[in-house]
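Next, two complexes with chain A in common: one pairs it with chain B, the other with chain C.
So, the complex of A and B:
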């Protein structure tokens, strides 16, 4: 289309000015995004997910924990950074009509157990002592790595607990309980040892808000499924399995988390709105006064996802394709000269004529020594000291 | 910087080249699946993955792991392990209806380890090893401590090469309460070189494997001969998984089965890292005159082997042969029974055993073990190993062994009594079983009271007694020739065979569940409430009596309400207040 009208002389200048403004706005946007990326200041993410209830009728607590585990894994936290504690085994329970599955929706829609699950603390290992040891890091030296919380001062930790609770306590496995004071002290120990950067504590029990009342360490944000005096209710039973499958609060949190992907910008205020009273029957609560950032600026993926800082370099390293494995070889003259053989599995003759193992000699214990001392003392008291030369 | 790195690499290559002339140690992987229909109509599938590594782990500094998993290799070199056997089992192998197992494992978790003789503190190494294994396999093996560990003196001889068998280097422990689920299968699968992505391991899906009558997965590490001359040692890692499917639930009433029906998957390729990948199907019933079964697709070859004293025929599918996947891209082995079998091959196994607890009440009881020898004319010895926890106090003077009504004196007894909270009972006996007989071994026990904190959170479930172990050299009907371990299928080379006239078998009995007297755990709360109430009432009254003084008080005239009330009472004619 031929330009019939001559372009006004101010048009290129105006276009240039407009383009400059747009460019500035765009760079502002990019800078904003870059700033947000570095805003939270954490470099790694950990998650500690605890289910504290035992017995088949507490299926829903295990389903709660496993659905959070599933979301957290999907958003990027690897198994090595998740400490999963399940107080009972529901998937391979003899009462489970579909073994190796734990469902969260009725009609068995979603199997939260999956095929790739690693439970770190199972069954009788889930105790208050082990939980506090994991949090504070005071673990016996031979504990394997997968059972440790190896967080540092740049870690964001998500702690999720579910089970049966009351005003100020949470019941562990029907035999012991942890109080809100103990939990607050554990978090303070973590803060003193710089074991976290920021901590998100979510609890889904009856009267859950009582558990975060006593926190006094900085950088903790807490969510609970019900206020003091209220019960958290379960969602729906499945008639095929025969128990309630999930708790309401965690059910709606799971629905919320299913919408989140690793790059989403949803913030904590949306998480606070999850499960209003009409759906949950109880009133979820939250506590942000100890947190230094505004919840508006805290991304969900700060706690539920995993930060991977990637450095791109332009240098190249040339690998030699002919490089062979560098290992020391055993000189061949050290090999055995006569053939080795397998052991006989049931050497009857050898067993029958086996000599009993010589017991190691132990010095006599205190009781035996005391008894002999008493006997000797009585003897010498009755008969006098002149018999000593006949003894020694 | 790249230049410096290249220079360093070049320098290392120059330095390393004189020593690296023979190349890295060779390792090989063989995978195998054995499908055998059981006499009762069920189907047993045994997976075996064997990684063999020609390397002296203890003498060399190893830094490159290829097929042998690094987690286990480092474990062997750090704790100076000579042999390691770990099994996790759900269910119980019913020997009487299913026949003799190739490799049975007890219900729960079982771990037995032979250490090298250069280990200074075996107990410390054992404790650390069980902790590390609990992290690798996501099992509660950290509960293995001195209260459930024993040192057998005659059973559990090493299965690999051994020149010295000093039993104080052996430790054995069983955790009967251990649950086996997907979280134990996941790390087991991750040890395989191909993972669960290629080869036979694609069939291992948890939802089908745990919906079975018996599921057992095991890891066996032992040193073996590198070649026929047996002058040097190779390390062998065998991962076995045995599943028994109930054909009536998967076949909808018919006894036909197929890979897809059992595992809901079919095989598309062999593991590229495997040197051998085969499927064996037991078609021994086919050799009779009337063809009873039909296997599709048609096997390319048939293998005959004498296994456990019986001559059996196997149809072989070699996944590495190119002609197998010519017709279709996926392999789905199917077996159809031509005629309904009314009289099944119910040959009872030569050796089977049973154990139960009898008695009444919560104070005493009796453990009885029945061992059956159904061989018509041969007698053979069996070693029985029983581990009983310390809180069931065995009375060894009540130990009675009877066969056919007469007393049977064992040729060897080793008994180690328990120490409270420190060591369990260990009873090992070598008993001769006469031909065609039932031997009954009974021993009485008394239940102890545990401390309040020693009870589990669910004490009314009961407490488990570990299964007892029977090791026997069963005489075989036919003579078995010793085959070369490398050429024969993996399921024939589990136990090193010494001669062809008998085969070694290790059986486990059922675990027992006993109830201990359980206290009422709400009693501390009750006692505190009652005591505090009584003290408050008594002390409070006493304090009042001692410190309260009484003085007379002038009656007050009364307020407005009293005067109004008196007026109304006067009107009614009632005496005033």
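So, the complex of A and C:
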């Protein structure tokens, strides 16, 4: 009974074909995956986190920003890709009973200040002008790298703003405002300069939804903590520190983000459900009409994390030859001008040996004559003409 | 009397010379109480340097002196210390001679009134005797020379000393009775700083008294003399201003000097009342308040002239004091000038009510000025309010001093004509109250 069924003649061929197909499929899969590097949305992540209010009683805004900062760092975006703008220093504020800490939970459960906070724009540097310059890239050449948003057209940018706001504006530093029109124009400038691939804008202020009403550039998704006409409320005061520690919306967002890990597949729809009205008192809003992908397919880590999936393969991958390689153009020889040495720029020898100018001012002769004539006239009028003979 | 005066002058000159050579000279010349934007020595040097460079010294906001000062210092700038010491000595000598003559006038008038039986019967202790008046001129000269304010003003080389000299000569010529010279020196004083214009009234009253012309509005002699004096004064002023035009061939000096004095654009702190107010005033109110403040100087002339018709030199003293309190950029040099006159009224001592507290206020405030300046500018632990508080207190002290002397003077006059021991109709003692 051990006689093997004679294999059908087509089996090896089929097997070979199948294997080839599999191999091809596998190669295609690798190819796909490899090309996914170039077809999928972004290659790098940036975050711009802005807290716009100063003074001790706005502790919660700094705590908000630092919570998002912490989550974003934890999920993989490095400090070099985060622009953190804090308008005031709560950790070292003289009114802080626990110096060098910023808590986000009462009973001091979570210190979001930590050991390695890198604030890029601090205190009075957080102005509307600086914020817009960071976004649009129009920054003076002397600005250090840590203060720049060096994004490109494959960057996914997370922009988080918190502070005090109103219908159509956000207040900076208690002295100036940025309007929703300005913000929309800034984003349009970013789009036209190809400074982002996709942009997630989160705002936690009163009437926050008004800030995203005017956006008109593609690939922007926006979330806000409250609708127009509603106030965003703060979460819990800490009696030991004496101020409110967090705003409700960001508190629940932070809670939500604490469960995200770098490989999680949670998508944006879950983020939209964070903080329903029962918890937040205000109605969070979102705007996805400008976004070309379905929020269902957008991962949280697309914006909050900066993870690359790495798979090691022994196969070679043929890259598309149509990808144009950048030819480094050798710059043509410019006229090499010899740099002037410092001392030679000033004609020192000339200056040292310059004689002082001899121009001196003398009172005009007419004046002297007139003055002394008057004096002599008065003298003789007073003392009589009889003294004349003693003079002449 | 010449010998003690010469001794006093020598002492004063020595003190000044010593201070010039010490390190305090630099410190004092920077004090804002002593050098104001109008009369700082630094600005004179700057103006002359600008002139040497071929630029009008009045361009820019540096130089606010009159062209005659330019002429004076153009030749004397290397001997500036000597010039200021000489001006101080001249002022003291002029005051000495003026007060000597004035004492004679006072004594003559007193004798006249006694013979006319104008005085009440029991005022013997109020009558002044030549014995007690003998040392007053010396005291006046020494008060001026050795006053710390004058010394500081001289060491700082502020041209306030020159202003004081001109005013002292004006007083001397007025008391001597020479119409022409008095008008000329008054014109010079007005030309230097605008405010001596108000001294026209007391000088006129004194000269009228001297000529025995009664001050009646209907009298022809009064108007004749007044127009004569006013014409002399105005003509000499016009001549001096026109002469200054010929120095630099421009009218630049008028807005730079008089416009500056009147419109107070520079708000450097000083011991006056203007700077703090105008530092915090809105633009659209500043014109109104400048007018209000400036009127303060000129406003008291007419009422005082009405009240002090018979006593023009006292009127002069009060007017001088009002000028140095309410002028736009006062310095301690101005204060020193009217304080030099205080020995003239030493017979009023028994009627002065607040003299102890006032002298304490003035001394303490003068000492606190540099302290609070240091705290404000250098230590940063005070602010301008502190310094202005001391300024205010100092000026209030000065005003109270003047009003105290005014009260004492009027009270003495009342007692002279009504008797020392006042009784009411029913015989009980009455109190004299200044209403």
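Quick note on the criterion: the second predicted complex is superposed on the first by the 267 of 392 C-alpha atoms of A that agree within 3 Å, B and C clash if a C-alpha of one lies under 4 Å from a C-alpha of the other, contacts with A are read in each partner's own complex, and residues count from 1 in each chain.
Operating definition for what follows: contacts are C-beta pairs under 8 Å (C-beta built on N, C-alpha and C of every residue); 3 or more make two chains touch, one makes a residue touch a chain.
All figures in this text were calculated on a predicted structure; none of them were measured in a lab.
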Chain touching more of chain A, residue-wise (chain B, chain C): B
First (chain B), second (chain C), both or neither touched by A:239: neither
Contacts of A:263 with chain B and chain C, given as first, second, both or neither: neither
Touching partner for A:116 - first (chain B), second (chain C), both, neither: first
Chain B versus chain C as contact partner of A:312, first or second or both or neither: neither
Touched partner set for A:124, first chain B, second chain C, both or neither: first
Touched partner set for A:320, first chain B, second chain C, both or neither: first
Where chain A meets both chain C and chain B, residue numbers: 357
Residues of chain A that touch chain C when the two form their complex: 357, 359-364, 366-368, 370-371, 374, 378, 381-382
Chain B to chain A touching residues, read off their complex: 1-2, 5-6, 9-10, 12-13, 16-17, 19-20, 22-25, 56, 59-64, 90, 127-128, 131-132, 134-136, 138-140, 142-143, 153-154, 157-163, 165, 167-168, 179-183, 186-187, 205-207, 209-211, 225, 229-233, 381, 383, 411-412, 414, 430, 456-458, 471-473, 495-496, 498, 504, 521
Contacting residues of chain A [partner chain B, same complex]: 54-55, 89, 91-92, 98-101, 113-120, 122-125, 142-147, 173-175, 315-320, 322-330, 335-348, 351-352, 354, 356-357
Chain A contact footprint on chain C (complex, rising order): 51-54, 70-71, 74, 178, 180-181, 184, 239, 243, 246-247, 249
